[in-house]
Structures are given as structure tokens and as C-alpha cells.
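Following are the structures in question.
Paired with subunit B in one complex and with subunit C in the other, subunit A is shared by the two complexes that follow.
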Partner chain A sequence: MSGSQFNNKVIQWFDDRLPIFSMLQHSAVEYPTPRNLNYWWNFGSLAGLMLVIMILSGIFLAMAYTPNEALAFNSVERIMRDVNYGWLLRYMHMNGASFFFVCVYIHIFRGLYYGSYKAPREVLWWLGLVIYLTMMGTAFMGYCLPWGQLSFWGTTVITNLFSAIPVVGDAITTWLWGGFSVANPTLNRFFALHYLLPFVIFALVFLHVVALHTTKSNNPLGIDVKGPQDTIPFHPYYTIKDLFGIGVLLMVYLGVVFFLPNFFVEPTNYIPANPMVTPPHIVPEWYFLPFYAILRSVPDKLGGVIAMFGAIVIFFFLPWIDRSKVRSAKFRPIYKQLFWIFALVCVVLGYIGSQPPEGSMVPLGRVFSVAYFAFFPLLWLISKVEKPKPLPQSIAAPVLKGASVGHAAQPMEKA
Partner chain B sequence: MMRKFLLSTMAAAFVAAATPALAAEKAELEHHNWSFQGVFGQYDKAQLRRGFQVFREICSNCHSMKLVAYRNLSALGFTEDEIKAIAAEKQVTDGPNDQGDMFQRPAKPSDHIVPPFPNDQAARVANNGALPPDLSLMTKAREGGPDYVYAILTGFVDAPAGFKVNDGMYYNQAFPGHQIAMPPPISDEAVTYADGTKATKEQIATDAAAFLNWAAEPELDTRHSLGLKVLGFLLVLTAMLYALKRKIWANVH
Partner chain C sequence: MANMSTHTQGLPPGDASRRDFLLYATTAVGVAGTAMALWPFINSMNPSADTLAMSTTEVDLSSVAEGQAITVTWRGKPVFIRHRTAAEIEEAKAVNIGDLRDPEADDKRVKKPQWLIVVGVCTHLGCIPLGQKAGDPRGEFGGWFCPCHGSQYDTSGRIRKGPAPLNLPVPAYTFLTDTTVRIG
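Right after this comes the complex of A and B.
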């Protein structure tokens, strides 16, 4: 980390005492990055951008929001109507959650496809999963805050899941609520935690990046970097590529914010919370739907809760469930098909989760929940049986193709 | 392959978002061309003023609109004096004064629209047990928005043979369950428009729905015009970033 030399004397003086500039130089400028990363690799930095947007818009919203069951709904409407550009802050925050999840889901599925969870990146993968779990908690508690009908009833349904725990379930639920139903104490603590958790996520993201810069980036070929000819410095190559990605994301995201701001919301949540009136159809936000479908597919309450949490926890074991030495699905003909089937199963489960649990949706939900979990034993089996396609010799070789054979044939300096 | 990935992710989002439309059982809504639709859409102020007249003369006899203040009416083109006069028609309780007494005074522009009943119980007693909902967010809180409001206002028809309408209820083809406690609120010539527009039932329903949409989304005009500027800026910026990316990467490929 030390050793960077700067022409500016002030910077050099500071850096000798606290090596911030060396660190930046090391991990944001020189950081050797595989030269063949495709646009799917943009979604990590895009998710980071969404986190920053969420924290900033959230801080300003918190200045005008009131976490009290009698005032919360109207304080959100006051933000929408009377705070200068409050509607913009609120719509950015509300839709930002959806776009944060879009980025993170693409980021996770990219990791799945290209085998980014495999050695030596297991801890990097775990940290990502912990970030995802913390995000789910944060989003769930944030959805409670506007105190609309679905805020109230969604919170009631999900917190009630803990009552499935044998013996102590009811006591835990009462403890979570701070009372005998979702009420003012629940709203207060959810607001406190909703403000806290994003900073926990921020710290986890920092660790995620430290782990990334220790093991270095995976790449679409899934083979190790063999030498300097395989990498390019992060700046300017990936800084400009990330900036372009940010431009595209902002256009889609702000397009929704300005022109379809209620696209992801249920109209029912614009009705103030009323504990005496249950809405006919309670659905969570779209990013929870596949897990909601799994929860409802198990006829037993405790079993459903275990299945729902298990659906995420099982991903922590993925580095050992998948026994193949080859990372990228590009060279794994059977895994590639399994991956796309799994992705499709997740989408269908999302649809099932959005529907009332009646008629054909019940058996369909069960079939697809089984299919979801079948992915893991199948992966365990095929990862030994599958015969991978031949891997390219190096990252530089297929990228540079025949055109610059001389370059690729250079002796490897570090390998 | 990438396209598939993108499609499936997008599909997940769309399926999720389209859900409420599929979930609620109700008649197909007739779709209107509202002036505030689309990226260039803006409110028609003359229409909003007509809609406000309908609200003031008809809806507000039973329905509250607690989130809107009289001062907000300046967005409809009313002058300060007109707003003061509109507000002053209603009395509000204020106080306590120096003697410790509550007192009645005419409403001011800073007051929110005065509800017709002092509380929900009073509203129920006056309305055969039913509570007329607050109209501030009606178009955002119902699937279909202004189209739904229009469909309700014009949806009073004779009940089909064999359909039992309960006492004090009315048949409405757009209302979930078709039994609504609100009597048919509008008819031809139910108002005499200040601007001379012919007050057919359809005209009144359209104007009222547009006004309710403004009440729910008063920021829409600003949102649309600012959105166009922001997207225009981003389009140019992103195009330049792409050109720069191509130039920087030229020696890598």
C-alpha cells in the first residue's frame, strides 16, 4: 500500500502520515482488472450507486418524516406536497429500493453464471449474501414506514412468521412488536432500524470490496489471471465503463421516477393503515415474491418459514455444493442449462407469489418450490459428471485472437 | 443469452407490477385520454377549475379532502382574493384565545379544506352508516385512477334481473361487489359551469376525475416538465460517456 509517489508535495506529506491517496491509487486507479469483463460486471458498481442514492435521499426524507402511527401517513403526504422537491426525494427513495434490488439480483445471477462463488472467492460470496439479507430486512422495515394499509398488514403477516417458532414463538413476536399487535412501538423501532441498517450495509460493502481486491475480479472466462497481459488498470478503462453504465441506469431509473412513479406500488398502500379492515389481497413488494411463494407452498407454518429462509441460506453452501473446478458456465454445457432453468423457476415463483393462493396456483407453487430446491442436489450431481469444454489458455489469448499473436506469446512475467 | 437474462429479469419486475391489475375482480375500465397522460402530459387548468366547482357544489357535501389546503388552489389559476373568498365560506374552530375559549372563525387560505362532518362517526350517522372516503388520494389509491373515478360516477345503472340490492344501497357496475352506499351523485345539468361549458353527466364526471387526480398528484406538471429536462440531459451525457468509452477502449480491443 505504501510506496506511491506523488508530485504534489502536500499530498505526499499527507500520504506519508495517512496513506489515503496511496490506497486510492492502489485500489481505484492501478487495480489490475481482467481485460475481458462484460457489461454484466457493471451491476456491482451500479448497486453501490443505488446504495448511496438511497442513503442520501433517506437522510433528507427522515428530516421531514414522523414515525408515529397517528402522523406517519400524513407526514409522508406532507413531504409529497409541501416539502420543496419532497415528491422527488420520496419517489427516488421509493423506486430506488426496486432498482437497488434489480441491480443486486442481476449481480447475484451474474456471479452464479460465471462461478464467482468458487474458490478463492467464497468469503466474497458470503459477504454478498449477508448484504442481500440485510437489504431485505431494511427494505421490509422501510415499507412499513408510510403506514398505509399494506405497510401495516404486510408487517403483520411477516412478523407473525416468528410465531411459528415452537414454544417461544408468541413471546418473540410480542417482543418484536413491542406490544400485542403491530402498533406505534413497532413503527418507532422499524424507523430506528431502517435508519441504522443502511450504514451496516455500507460497512459490509466496504468489506465486500476489500475481499474483492484481495482475490481480484473473476471474469467471463472464469480462468485465473496469468500475468499482466491479461489485465488492464481500473482507471481509465473501468471507470469510464462504469460511468457509462451509470448513465444508462439513471435514464431508466429516473424515467420511472418522473413518469411512472407508482409503477411498483400497490394502490392499496395509499389508504391509511386501518387495523380494523384487512385488505382483500396482501402481497409483499416484488423483490420478495419468489420467497413468499415458497412460504405459502408448504402446508405447515413452521415448515414454510424454514423453507423460505432455507431458500437463501442454502446459497452460503454453494461453493461446496458445486464441485466442478470450472467456473464459467460458458464451458459447462449442462450447468448452463441448469442455470437458465433455475432463473426461469425464480421468475415463475415470483409470479405465483403475486397471485392469490387459490386454484391452480397452489399445486403450481409446490411444483416450482420443489424445482427451486432441486437445483442444488442436481448441481451437486452434475458438477462431477459434466464434461467441461476445453478452457482457453489465458484471458489474453481469446481476447486478442489471431491479430496480435506476438503480444499474447510474450513471456509471462509473473505467472 | 444476455438478452434472455435481461428479459427474464425485466419480466419478473413486470409480472410483479402487473399483479394488482389481475388480482382485483372488477369490470373492465373504459380508458380516457386525460390531458395529463404521457411524458408531455399537463393538467388542463380550465378543466381543473370546472372539476373543483363540481367538488365544491356536490362532492364536498359528504366527502372530505383533508390533505389539500385552500392555498393549493392557486395552482388552478385562482387569485389570492378568490382563494380567500372560497376559504371564508367555511367556519373552522380555532383557539384557545386569551380567555381560554375555543372560537369559530372563517377559514383562511392556510387552512386545509374543511371537512363536511366534524368526525367519522358524524359522517356515518348522516350517511346511513357508510363512511364517505376522503378524496385527497382517491386516484392513487384505486386501480385505474381517474378512469376508475369516472367509471364509478357514471356507473349507476339498473341492477340486472335477479340481483338483490340491499336497502339504502345502489347498484354500480364499476364498484367491486356492485353495491355502493353512495347515491348517484351527478346528472346532466347538476352544475352550471362558470365558464359556460355544457354540463352533461359525462362532462361533469370527467372534470371531477381530473380534479381528483390533481388533488392526489399536485406535483404532476412540475414532475413531467422537470423529467423531460433531466432525461434530455442524461441522454446527451450518456452518449458522450459512450463515445469516450469507445475512444479509451480502442487500443484494448
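Right after this comes the complex of A and C.
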């Protein structure tokens, strides 16, 4: 396994001086992967593909975009009408953000279900959360750039969250804006940071993969790999499985790009930004809605901001809130139910966040915000009282059942 | 610093503390120097001189009839100037200060009772409240109504209902003549 030997003399010569080919060989070819990974394990590499698509389409969009309050909106319209394939680049980038978040949310919930945040993968989990937070910042600043009405007012509302900080809040918002309201300096710096952060995400993804390849992949049974009979090499088994997943993702994603390109967009954002008129109903992009619902449910400004950020920060402590030694929800009957209730609560909060804060939406938002946070103490509690089902002896045991190891290369279990 | 003891071993007494001093002093200078070098970068993001230079606005009020309101731009934000009616002034004065979320007397918020001048930005999350135009909703207190999260302000621009924590702020302003005001 170590110190890879290559038949090609040029590659060998280069690898002796900079071991890039050895690294690839170790981490993308030989990497011993549990043999029982199901399709939920596709979404990490799918999220990686979306990151690459976003960076590529973004670089080419930046060549035609102008980050100036007088020119930004029209430069986006010029991309749509005059720039060759500009419409395609923009629709790929715009909808790519949504699909990136779809992949990442499924990836996060997969980690929650199968206990991928538990020892020894805590740092891997943290890196994932930092990537997620950086993505949120990047997406938020990107949404500002077309300089439509929702770009402007979304930016205004979110930057104003910082004014809730006691004492220094106003100084921080003024600093963020570079003025006394969202204006040209804000747009300009948001563009600079929106261009920078994806490369930060790329570096974080690299660390995420290093951490993954240090602790090795979790698997649907949540038990440790016991030996070589439990694993198969990443290539060709999982490269081909990932490729199949990529085909499915691209069909759905490009289907939206070509046939429903404005599915995720609020029409209000095709009205140029007007700092003097607030649109009647401000909604963030769908991937922020559950947190927006939590923000609005707290009747106090600072309290709402703390609750919203707390809703994400609390996930950093998950490896210690969950006391159970069993990883996979497959063997945790009570946690399994709690998980699905939590997933449902997140979806309902998303719906509440998309509605105007009137009538029954206000009490409903409060009830479901409490339910969201109740997940964590309940998880702590059940992880102490729950009696897990018996775990299988090893990953290979249920498959092999005494059969000869020679027939073991059938990695088609879909769990 | 963990291996401090190893390279101070065998030195004459006094040398160790001298080395410690040099190490700490160098570290302190390095940290302070880095912090000072960072400041120009951070401060470059604060409002620039040309942004600050545009921070006053002069308004001619002679054409604003009683009961009307106008919106002017100051520092990129809307400022509401309302020519209040006698009834509106009376309403603003009659409120029991103790009941307010952000207690302020009406006469502390105006220089001339008929002219109410406030920054038209909701103190919750920065939306622009409705109530400047004739057909706008003005909320239960006859002032302004914020469509984003439902804050309601009275005829003195004070918060009365909804999530906003503070009254609409009164900008610094001076009356240059009876009908001209300079904001900022």
C-alpha cells in the first residue's frame, strides 16, 4: 500500500520528488472503504461536485459582472441577454446554490442518522459545520450581488442582526456597510468576499477529506471496520457508484436549469434595488428559512439573534450531547423516531419561515422553535436510557455467514 | 515554550529569567505590531471620507401642508418629516410615558411641535415602515407600520407594539430658517 510503485518511469520520477501520484493512489484508488455504504453516502462527493460547478460558473460570471450600485442590476441583465451563454452560466450558478445546499443538508442528516459525528470523527464533524457556516455566508453575500429589491432588503435585514449586539452593535453594522446603510461600499466588499470564500471552502473541504481519510468512513451499521474483509477499494467500486449518483444529480439539476430556472427565485428580485421602498414581504432563500422562522419566533431582538445562531452552534456540541456508544440509528429504536421528528420539525419551520408572521404562524413558529431546541436535551436523555438492539459482529459477518471469502466481492448491499 | 527548561539548563543563575524576559518582550512586540498592522485593513472598511462628506441634507419645508409627510434621503437612509396636525400632537403628548417600551416625552423628540423629524428605518431589522403616503397603513397608533415584522409606531415615532426595541431615532438637525431644515 505505501510508497506506491508506478510502471511509468516519468510518473515514478515525478512522484519521487513530489508524491502527488502516491497521494491520489492512496486516497482515491486504494482507500479502504466499508463495503456496505448505501446511496446516502453519495452526497458528500455530490456536494464536492456542486462546489466545483459553483466556482467554475462563478469565475466566468465575474468576468461580465460589475459590482457597482449603479451598474450591477443591468450587468446581470446584460449577462442574461447579451453575453454568449450568459443565461446558462447564471442559471447554473443561481440554481447550483440551491442544489449545493440540498446535497449538504442530505449529507448532514445522513451524518445525524448514522451517528457520523461520534468519536473518533468529532473534528471531521466540526470541519463539516464550519464548511456549512462558510457556505451560508457565501450564499448570503452572493444573493446581494444582483442588486434587486430582495438582494438589497435581505442584506439590510441580515446585516442589521449585528446591531442587536450590545454596546458595539451599531459600530459593527456601520463597519460592515462601509457607510450608514447598505450601499455601494457594501456591494463592492460583498463581491470581493463572495469571490474569496469559495476558495476557503475548497481548502476546508480538503481538510475535511484529510480528516475523513484519517478516521476512515463511517457506514450504515455504525460499527468499526474489523479487517480487510470489511472493506473494498474506493476505485472502482465507489468511483462507479459516485459516478452513477452524479448522473442522477445532473439530470435533476440541469432539468431545473433548463426548464424551471426561476423555480427558487422570488419575482421581487427582478425589480432593481430601491433603498426608499421595502417590499411588502421579505423572505430569504429557502435554505435559510428554518433559521429565519426561529429568529422571528423570539419576541426580543437580541434573543432572536442568539436563538438563530445558537440553532447552528449547538451542533458543535452534538458529539458530547449524545452519550450513546452506538452510532447508527438502525440499532437505536428511540433515537430513530426522535431523528425523524427532528427532520419534520426542520421542514415545518422552513414552511413557517416562508409565511408572513401573522395569525397562527406566530404561535406555531414558537412551538416548533421550542421543539427544535428540545431535540438536544431529549437526545441527551434518551442516549442514557435507550437500550440499543444487538450489533452485528462485523460488517462482513451478515453477508459472508461462513461462505468462502473468495465470493465476498459483492458490494451491492443497499441497506 | 514547552522546551524552555531544556535550553536554560546549565546556564548560570539569572540567565534563565533574562531569556524569559527577551522571549516575552519579543512576543509582546510581535503581537502588538501585528495588531497595529491589521488596523489599516479593518479601518479601510469603515465609512470613507466621501461617504462622511455626504452626511448633511438641507430640506425646504414650505410646500409641506399640515397633515402631509415627506421622505428625504440622509446618509442613504430615508428621513421622515411629518407636518403634524394639532390632534396628532395632542395624541403624542397625552401618552403616559411610563407605559412606553422606550420612554421618551414627545417634546424631547421635536424642536417645533408641528414638525416631527425621524429616521425612517425600523429599529428591529432595518425595513422602512409604511405611513408616509395617504393610503398607507399607519398602525393602531396613527404613526407608522412596519410591514416586515409588524412593528407599530405612534405620532411621535415611538415604538408601541411589535418586535422593535427602540423608538425611531431623531437625527441631529437645525432649522436654518422657519421653513428650511438641515439634517446632520
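Quick note on the criterion: the second predicted complex is superposed on the first by the 396 of 415 C-alpha atoms of A that agree within 3 Å, B and C clash if a C-alpha of one lies under 4 Å from a C-alpha of the other, contacts with A are read in each partner's own complex, and residues count from 1 in each chain.
Heads up, the rule we're going with is that contacts are C-beta pairs under 8 Å (C-beta built on N, C-alpha and C of every residue); 3 or more make two chains touch, one makes a residue touch a chain.
Every value quoted in this text rests on a predicted model; they were computed, and no experiment measured them.
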Quiz prompt | Contacts of A:Thr156 with subunit B and subunit C, given as first, second, both or neither | solution = second
Exercise. Examine A:His281 and indicate which partner it touches, taking first as subunit B and second as subunit C; both and neither are also allowed.
Key: both
Quiz item: Who does A:Ser181 touch here: subunit B (first), subunit C (second), both, or neither?
Solution: second
Self-check item: Greater residue coverage of subunit A in the superposed arrangement, subunit B or subunit C
Solution: B
Quiz item: Is A:Phe373 touching the first partner subunit B, the second partner subunit C, both, or neither of them?
Solution: neither
Exercise. Scan A:Arg296 for contacts with subunit B and subunit C and give back first, second, both or neither.
Key: second
Quiz item: Touch check for A:Phe60: first (subunit B), second (subunit C), both, or neither?
Solution: neither
Self-check item: subunit C-contacting residues of subunit A that also contact subunit B
Solution: 280-281
Quiz item: Along subunit A, where are the residues that touch subunit B in the complex?
Solution: 35, 38-40, 74, 77, 80-81, 87-88, 98, 102, 105-106, 109, 113, 232, 236-237, 240-241, 243-244, 247-248, 250-251, 254-255, 257-259, 261-264, 266-268, 270-271, 280-281, 283, 285-287, 289, 340, 343-344, 346-347, 350-351, 354-356, 399
Practice problem: Please give the residue numbers of subunit C that touch subunit A in the complex, ascending. | Solution: 42, 45-48, 51, 55, 71, 73, 75-78, 121, 124-128, 146-150, 163-165
Quiz item: Where on subunit B is subunit A touching in the complex?
Solution: 2, 4-5, 8-9, 11-13, 15-17, 19-20, 22-24, 39, 67, 72, 136-137, 140-143, 216, 218-219, 223-224, 226-228, 230-231, 234-235, 237-238, 241-242, 244-245, 248-249, 252-253
Self-check item: Residues of subunit A touching subunit C in the complex
Solution: 153, 156-157, 159-161, 163, 174-183, 185, 189, 275-278, 280-282, 296, 299-301, 304, 357-358
